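Here the chain labels run A, B, C, D, E and F in written order, and each chain numbers its own residues starting at 1.
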Amino acid sequence: MKLIIAVIRPERLEAVQHELVTVLDEGDSYRLTVRPVEGHGRQQGEVEYVRGQRVQSRMVSRVEITVGVNDQYVEPAIDAIIRGARSGANGQVGDGKIFVVPLDDCIRIRTGERGGQAI
Amino acid sequence: MKLIIAVIRPERLEAVQHELVTVLDEGDSYRLTVRPVEGHGRQQGEVEYVRGQRVQSRMVSRVEITVGVNDQYVEPAIDAIIRGARSGANGQVGDGKIFVVPLDDCIRIRTGERGGQAI
Amino acid sequence: MKLIIAVIRPERLEAVQHELVTVLDEGDSYRLTVRPVEGHGRQQGEVEYVRGQRVQSRMVSRVEITVGVNDQYVEPAIDAIIRGARSGANGQVGDGKIFVVPLDDCIRIRTGERGGQAI
Amino acid sequence: MLGFDTPPAIDSGSTAWMLASAAMVLLMVPGLAMFYAGMVRRKNIIGTMMYSFGAMAVIGVQWVVIGYCLAFGTDRGGLIGWDTSLLGLASIKPTDLYADKLIPQLAFVMFQGKFAIITPALISGAVAERMKFSTFIVFSLLWSTLIYCPLAHWVWAPGGWLFERGVLDFAGGTVVHIASGFSALVLALLVGRRQDFERGGAVAPHNLPMTLTGAGLLWFGWFGFNAGSAVAVEHPVAGAIAGLAFATTQTAAAAAGLSWMLIEWWHHGKPTSLGLASGIVAGLVAITPAAGHVMPWAALVIGMLASYACYAAVQLKGRLGYDDSLDAFGVHGVGGLLGAIATGFLCFTPVAGALTGGNWGQVGKQLLGAGATIAFTVTGTLVLGLLLRASMGLRVDADQERDGLDLALHGERGYHSELI
Amino acid sequence: MLGFDTPPAIDSGSTAWMLASAAMVLLMVPGLAMFYAGMVRRKNIIGTMMYSFGAMAVIGVQWVVIGYCLAFGTDRGGLIGWDTSLLGLASIKPTDLYADKLIPQLAFVMFQGKFAIITPALISGAVAERMKFSTFIVFSLLWSTLIYCPLAHWVWAPGGWLFERGVLDFAGGTVVHIASGFSALVLALLVGRRQDFERGGAVAPHNLPMTLTGAGLLWFGWFGFNAGSAVAVEHPVAGAIAGLAFATTQTAAAAAGLSWMLIEWWHHGKPTSLGLASGIVAGLVAITPAAGHVMPWAALVIGMLASYACYAAVQLKGRLGYDDSLDAFGVHGVGGLLGAIATGFLCFTPVAGALTGGNWGQVGKQLLGAGATIAFTVTGTLVLGLLLRASMGLRVDADQERDGLDLALHGERGYHSELI
Amino acid sequence: MLGFDTPPAIDSGSTAWMLASAAMVLLMVPGLAMFYAGMVRRKNIIGTMMYSFGAMAVIGVQWVVIGYCLAFGTDRGGLIGWDTSLLGLASIKPTDLYADKLIPQLAFVMFQGKFAIITPALISGAVAERMKFSTFIVFSLLWSTLIYCPLAHWVWAPGGWLFERGVLDFAGGTVVHIASGFSALVLALLVGRRQDFERGGAVAPHNLPMTLTGAGLLWFGWFGFNAGSAVAVEHPVAGAIAGLAFATTQTAAAAAGLSWMLIEWWHHGKPTSLGLASGIVAGLVAITPAAGHVMPWAALVIGMLASYACYAAVQLKGRLGYDDSLDAFGVHGVGGLLGAIATGFLCFTPVAGALTGGNWGQVGKQLLGAGATIAFTVTGTLVLGLLLRASMGLRVDADQERDGLDLALHGERGYHSELI
């Protein structure tokens, strides 16, 4: 099992979820956790003005999603996320990253089930 | 060492903390990090109405807690979280998940201590 | 590759970023993701008053940063974070923690590159 | 467009002030909604505001349909008013004047209507975060019709039995604040405590700037509330007493805000904004019955006392263990009572008081007024509350309370982030 | 400082009410900005507020420079007003009175100016979250000069062709609400739908308490809007009709708020705060043309009907698939139309209506007024919109819409957390 | 209740306007608190609002106790007023009239009291996010008593030396804005820069909608501030000059808002909402001394100039490197000075100005007034500030500043999420 952590553009979240549904074959009840984050990357932050003074924020808002999946789903999930998160055919700076972290175990609180079938 | 990541109902947070205190034997200064997240799972999101139009939000609010623990504490911590987070005797859809991630190292910033005793 | 997760004081974020720039040698476009969290540790939470009644919040606000780095950067990054996050010469309770999690893979969404050069 | 000749009788200045005052009092309702809503948890902000806005809609209609008729119709035995022709204000022509004042009666009707609206809204503070919205709406309707209207008649309408006995209540210390405050206490006891209150622990206000803004709007509107009430005692309406009431209102609010701040500084070292706002409101409440009857220096005294009394009352809550969520009783009940009695001691017009003229009789009258009001509203609210608990139920169920009234009852969230 | 002798002619009471009313109407603009801004997504809150605040600045200047001259200058053939000497209000001395009223003309100029400001601001609700700010500013300027001013002249200025035909519009049901509502619809169609609307899905309001507060300020300001409009028909200005207008305004707002709430309760079981607020506004809109012409009981009727009509209109939007972001048409267009016609049925002064006196002629006049207004504003806005689309462009580009108007157009974010 | 006969002398219209104006000016204080608080970081929102609300409480009491006596008591050598009998307003009967005006003196006392409240509140903008609350409260009390009251006497009280020399300050351009603006600069220098300002970097406003709402309330209240000030020059109070002041206030605010917007558009391509709001306030400040003395077209000019001057001043701040957190000096000091001088050029009543009548003498008088005010307030604030720095300390310590004033000084957080 792996924990897939992806940092994407907020406005791509919808698209990513769309793509994930198709591969996670749990119908509409695919599992996913989302949180807002601030990112710093190659892309520059937004420019704001305060009474004429230019303020270049170091950060850009991003959305971080985590999906716990069984091994056979890792690749499909990654591809799905890329399909959904990439802006335009060959992407733009700021499209984000995907991190894959090993998962030792996973427990469904409701039932106490563990491992693969709990995910 | 493991990093335990649990997604639970916001209203169960208090209970979970209660249970954790008992097992993490650090008295009241048990260590824990909490963040609000939006979850999508088997459970459906809330229903809202905007001028008569029904809006089914895809998401439900959840709380994500992370606890870094030494190996011998993993099982007790998991059980504690389950005890605190499960709603009712045999749980309800939406009670959430626990993920266990391997931890290569852990450093206490204040002292620079590492590994087990830093956690 | 490792995923470094650090929980620090909000007011130290700027300093930490400063230190990281120096070691991550990506110039000003070092990569980093930040999120606000609530922490519970040895340090006590803030005290508030509501119409004369004392309210001791169990939590303190913290900032969690994650940096994905290649192995040779792990130690420098950790030291950088410690340098930036420690308050005063020998730190104070509440300075926070650093967790190092193994990273199986890393994908740059824009290009689809993988592993080391994607980070 | 054809011209319309207003009877020369009408005094435009008095009318202008009456209309401005009525508008300002209406603004107190959103002000109150903000004041209250800022103090609750995020998940209940809509529910809390809806109590006030709901009252604005329901009582706004009720007052026109029957409320005014009951409160200010021809006196029936000193207990209630009634004129079938006043139902729906049917018989009031735009050119009709109010009593011997040179203002259109409709202006007076509207001014009084705002008082009827805000009173039940005040009660909601005690049951916020757990009372059923539907029940609260029905409660307001019945409470206003069966309790507020008669009471207003007793105290303010010529012929009303307390009015005839010379009880002084310039702008509603008894009719509005004692009535709402004590009813709030009863209702809070009937509804029971919030789950989290059980677990012990004050609920931290989720949006204090909103509460402060609400307090600001309340202060502003209160000038209409008190100075506008000069309509009862002078002609023209915008005259000496209006000026006096304005001055005492301003003075008492400032004095009370200041002393609450000092009390907290002394008590736990931190002058809080919620405290300052609470003090302001406490002072405004306490000066309400006295506004047009006392001198500014007396307003300083009343304001100071108000904060001490209310602060103490709020602390008591913890001890006694009832859950008056936003201290509707602690501030309005206690503050109103203090003000009503203080009026007997410090008034100088139209009659002298105990300290200002050795006229202890007035203190007696004030006690009579306050006592009668408490007895009547407590019993009335108790009966009403028990009936509603048995029929509709007063309280949302545990899950709804846990998840918040906003989603459960109103299908809304106060705030949305980008994500959800 | 030297004394200054106001001509005894001036009636201070009337002037006081006119000034207070004018100030209250100005407060409606921030109120509207809040009402609207609370309903959009976070990323567009500044952009949405700027439409209203921008209009406040631009039309505020335009009105003084030329607007008043066009609307209330000497009548030219019933179609427009003009007096070169009125440009920049140059020829108006502080002591000049307005018409046969005993108030300074400048007070009247200001009061009317606030109406000119809020009307284009109302339109912005239909194009929020996607229309270019620069284009909107130019649009407001042209729309106000070429469409609003003539229309105001037709309906309100002696000599105006609709005025002369006895069309009744007490405070702007046609001039303000039908005009803005129908123009809003046209503009919404020209600008096209929001991306997310395309994807189907109502946009959840990001800050409902703000919307409620805005509704509260609107209600408050509306008393100046309607009761202040008595200036057109009576002297002194703060007299019988002002009182009547105040009463009907209050009554209709409450009745409409209540019925919208009940409609939702019945329709989907949850009385929402947005619904209550929308009802209140719908009622205020519908009573505007009737305020000084109908009795309070009639206001109850108009208020009730307003909520039914507007609620239905809003539901329709989904069906017809146009994207009137914040229902400027659904509430102001439909509500204004309803009110204008209802006035013909229920008015009793200065003339009787169809139901109150069998005078069907008035209904005809009202239909004429509404019809002419719709025809004129729809055509005018269409032409203006097409020209601007061809020249400046009406809409921001896709990325800007995606990232939000605030950062893209104004270089600001509504809210900042500690981190960013 | 016994009737109360207001002396026929009293003019209800004038009184109505005076009371309404006083209430509107009070509303400016919460308005200012919001305007300022929206511009700071989350962690300081309560602290920032408390400066204004604190002043409302403290000066509210001080004014009644001694302030009015010092400012408007019997003139003593043109420098200060005094009447022991005015302490606590003890000797003022409700029926006493103010000077030769037909309004209750208490109404005038209250109206003036609001000016005394808002002036120190304005100063807080310069030291927000770092000045000790306790010290600020003591500072306001002393500053108001020792600096504001004498100054108000000089300029506004018959006998005051500047008043006698014919210096024109209609509603407080010098007494309120120059005084607060320059004192703010001095205090900002004494308190020193914020840590983050040191690190260079404008602090992004954490809640712009709140700032905009505050600006809206300020605009509304300013009508009372300026048009109410007609009390000084005409009877009845709500007359020609009130109408004029209202018109110029509205016009200058709009003109200034518009030009600030255009300046930003030209300067960096993005018209910001903070800019528009700042322009509005700048215009209101600049027109304050001129409101009842110039024609509307002159208000257009003054408004435009105000935005240029203030925008420039704000840019300068960066260069000169002092930390006037919210530009209290940049907007109020500079705007007030501009307005005071412009009055000398453009006034036409009660005397003609340099451009309107070749009367250069008036410009001289205005410069004298402004100069004297600056000299007096700068010295006074400097002395006061140094004393307080030596005794109580002006500034919170580094950790408190880092963690925010709200938790450190007030034991509160502005907002609470569900979690904490």
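The criterion applied here is as follows: a contact is a pair of C-beta atoms (placed from the backbone, for glycine too) under 8 Å apart; a residue touches a chain by one contact, two chains touch by 3 or more.
All figures in this text were calculated on a predicted structure; none of them were measured in a lab.
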Neighbouring chains common to subunit A and subunit D, by label: B, C, E, F
Required steps from subunit C to subunit D (each step between touching chains, minimum): 1
Selected interface, E-F versus B-D, where C-beta contact pairs are more numerous: E-F
Centroid distance [mean C-alpha coordinates] between subunit C and subunit A, Å: 19
Centroid spacing, where centroids are CA-atom means, of subunit D and subunit E in whole angstrom: 32
Subunit B-subunit F separation of Cα centroids, rounded to whole Å: 52
Interface hub residues of subunit B, defined as touching at least two other chains: 34-36, 38, 48-49, 57, 59, 61, 101-102
Residue numbers of subunit E (touch at least two other chains): 11-14, 16-17, 20, 24, 204-205, 207, 213, 268, 270, 272, 274, 411-413, 417-419
Residues of subunit C touching subunit F in the complex: 11, 14, 38, 45-49, 57, 59, 61
Touching residues on subunit A, where the partner in the complex is subunit C: 2, 5-8, 35-43, 58-59, 62, 64, 78, 81-82, 85-86, 90-102
Contacting residues of subunit C [partner subunit D, same complex]: 48-55, 57
Subunit E to subunit D touching residues, read off their complex: 11-14, 16-17, 20, 24, 41-43, 100, 163, 166, 168, 204-209, 212-213, 215-217, 219-220, 223-224, 227, 232-244, 246-247, 250-251, 253-255, 257-258, 261, 268, 270-274, 276-277, 279-280, 295-297, 300, 349-351
Residues of subunit F touching subunit A in the complex: 201-205, 264, 267-268, 270, 272, 274-275, 278, 311, 314-315, 318, 327
